[in-house]
């Protein structure tokens, strides 16, 4: 049977917009060392290393090769996995699978991005650039995707622009309590509402930053967990799902323009959560979950995900704002870390969602700790409609 | 000698240059040849769900079955259609290597072509710069380049122009 | 729709990167540039001296903070004469690559071997670093290693 | 290990030097379609429980398509909609490794593993250069060929091997390819042909080197219960091992591979193999450059260290030898990198099912598949396949 597994350590660098003083390898090593320290383990107890990032963002082919010197992979098993923005959660799901075989003692998963070394814009553009569909492709930025979600929410009267700004302030407040977060600055509702428009109703302050940093997790099967950890975050379930029905081939992108099946991104997020709920008998997520981390590439997305993962009824997101339910002291805190809106080093972002839930379960959240966390959910979303859902518990 | 932080943060500038010779493959080649030689937009139709797939593909992503290259599976779409979304280009992207602007300054149009279904949306550019002229539901038509200038790319269509019906 | 000739299109994709050498890499390159010196780092556990210098001993997985200056002379551990031309090669073919264990180092540095004919390339040959006059802080500030 | 995992089906395209008539996605659909037809399987989202493909493991790398998220335009052709999909960015053996582990985890029952690559569409060397340290190695222009050449020189020098030894590997593998219907049609070559082929980087010559290839491969990996329902001849994956080496060539003793020995030991231990030379009936070994088949054979313990030359001379690794190596024709006959490890796994599967046609190794029961990722085999993956699932205690 499959082994029960737990996260026994989490490590992160401090996230910034630039880190010219360290190489990519040195930066990754910081997260690895932090994870080992957090788990009170040495690299000797690790027997597999799984790495993930976006190849063209730093221009590294088979980056796990060069990184072997700093990732700890030397003479250990492992390989690289990559999807889109969900790369970090794909690494986690891979690590969880490996751990559940019981064939390994401890597995290290690493997600990172050093966006100060490349041109993220050009690398992102390469997603949809096409020789044959050579016109009209530049309109497909992440901002366009979020705009369509935002417009839809406004039409449905799910949320007001002011409420979105209030949620953005919540994200900033949480980030200020998280020493690792990138944007740690107090902002006001007025500042958010007066920030420049990107594509109405989307504003600059709603969007995630371009960050540099790395995240690492250590996962072990039960037998090893009992030996090495007195504070494991048990990974009860995980799932990964891909939702694009018609890929961005050339200029055709119904992926987020309204399709007969709705925006695909949202669809995969909802599916990921639904699978986890169904398999784990969760019928009232707002009540049964103590903390939630979502992949909020923009403030609007966080709010859309509230509905998609059933923290409230459809069109009722505004109620969660009115009740301040998703605030740190609310009944269902979302993104105590400050979320992707505060920190976005792409390859690390999705892993940080899972890592933060583990941190909360382990009671290591410091100023941002949510009291009495027994069970938490992380849901991620990334380019080409990849999503993952991970359920983490204090005890199984 | 003990290590101290270096006085400077050195870096290496690198440009990765990869030449590609991409084949469009069978289905996209049919699509592009029709554009180039006949000024027609073709799509294909899933034999199971009858969804129309634009650009044509060998497989229906939804049903995961092959859309065989048979006459009954091909559909010719009109070059007229309805705007579903229009996105203005507020800030033009500059290529970090060449310093040139990327793409055209024209707004990006998503056009649901007549003769298809809710899936047959083509992304292209609008003739005029004013986004507000292209509200959802506006009717537009493709303006083709002259036959001799067409190369078998979607840019063989110059842009979409508003039409009155 | 019958057979059509496959449409094939050429284009070149380009991306630009600024790769940071990091704290150890920077110091190594600064020494090359300013002092024509080659430096390594020494592992506090296994005492291996790594050249080029780097921040961690991958064997002991320990940070290294002890600098060691090694000789500009060393011994050829392996070599190849390259005839095939590829865009990434910094010099015209034919040219030689080698792995050189510098005196005082425990690992080999990989570089170009210059002023050498194929017949002189042998494992065990002594070589010396030849620096460029104009140095910018790059591994290519060493023009090549040449047999002595 | 209580659970068992087996390969139940494989599909391949042909591997020509260049395939301009199919796009990447059309190549991929060719193998996915064959798998669906062979097994009758459907995808999880298409059925209401029961036996179905419940995960897709795709193997590709962004560089080869010049596109961030390389799998993005390929999902319809691997059945990716509404499915659990993970992309492994390494050699195909690592994707099979990951898939097999996911089955052993108890979280999946049937996994479709796919890979496709069109090496003819861009320049391999220019991509490979980016696998090296960006500060100390990349500016020097290294690619896998020149790194391999340094390794080959060191290897020859350490044990007195000659270029002829390497040439013999190329001759043997090209000969084997003649009987492999998926391999491209090429004329037979002699030692002299290899020795007189164009010198690329001493001691590696044109015919010592993997030619450019296009193609796709798909493999279905399943749990014991599922496997038994899907085929009466499952091929069991009894051993899995993987291992990284150091990155810098000068940090490694290039003439032997500690990482491979370790990776192989992991696989042998899992499979309960004590004497690989006796217990393994055939091996598919990564032979991107001819010397590598010998060096890796040493690392795998198929001969003593430094005895790779004797191994090829003895004929043991010939198709009628005691331990045939690369009956498929190997990478030297033209397999796309990345896809290569999967194609070699597929070959071992066909051999153990007794379906290898004219290249069938009689009585083959246990096979070894080996793949590498990175320069000079910086990362190795070893898979042991067996006709019998074995009861390891």
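The letters A, B, C and D name the chains in turn, as written, and every chain counts its residues from 1.
Throughout what follows, a contact is a pair of C-beta atoms (placed from the backbone, for glycine too) under 8 Å apart; a residue touches a chain by one contact, two chains touch by 3 or more.
The structure displayed is predicted, hence computed values, not measured ones.
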Per the touch definition, the chains contacting both chain B and chain C are A, D
Label-sorted list of chains bordering both chain A and chain B is C, D
The larger set of C-beta contacts, choosing between B-D and C-D, lies at C-D
Note: chain D sits from chain C at a C-alpha centroid distance in Å of 30
Cα centre of chain A to Cα centre of chain C, whole Å, reads 37
So, in whole Å, the Cα centroid of chain A is separated from that of chain D by 33
Expected list for chain C, residues touching two or more other chains, is 6-9, 11, 13, 15-25, 29, 58, 87, 138
Where chain A touches two or more other chains simultaneously, the residues are 20-21, 23-24, 56, 59, 68-69, 74, 119, 122-123, 126, 129, 131-132, 244-247, 249
Multi-chain contacts in chain B, i.e. residues touching at least two other chains, fall at 5, 9, 11-12, 14, 16-26, 28, 32, 57, 61-62, 96, 152-153
Chain D contacts chain C in the complex at 20-21, 66, 123, 125-126, 129, 134-137, 139-143, 145-146, 149-154, 157, 198-204, 246-251, 254
The residues of chain C that touch chain D in their complex are 6, 8, 13, 17, 19, 21-22, 25, 29, 50-52, 58, 77-84, 86-91, 97-101, 107-112, 118, 123, 138-140
The chain B residues in contact with chain A across the complex are 5, 9, 11, 14, 16, 20, 22, 24, 28, 32, 53-55, 57, 61-62, 84-85, 87-90, 93, 95-96, 102-104, 107-110, 118-119, 121-125, 152-155, 157
Residue set of chain D touching chain A in the complex reads 1-3, 61-63, 66-69, 71-76, 80-90, 94, 97-98, 101-102, 104-108, 127-135, 240-248, 258-259, 262-263, 266, 270, 373-375, 378-379, 381
Chain C contacts chain B in the complex at 1-2, 4-21, 23-27, 29-30, 39, 41, 64-69, 87, 137-138
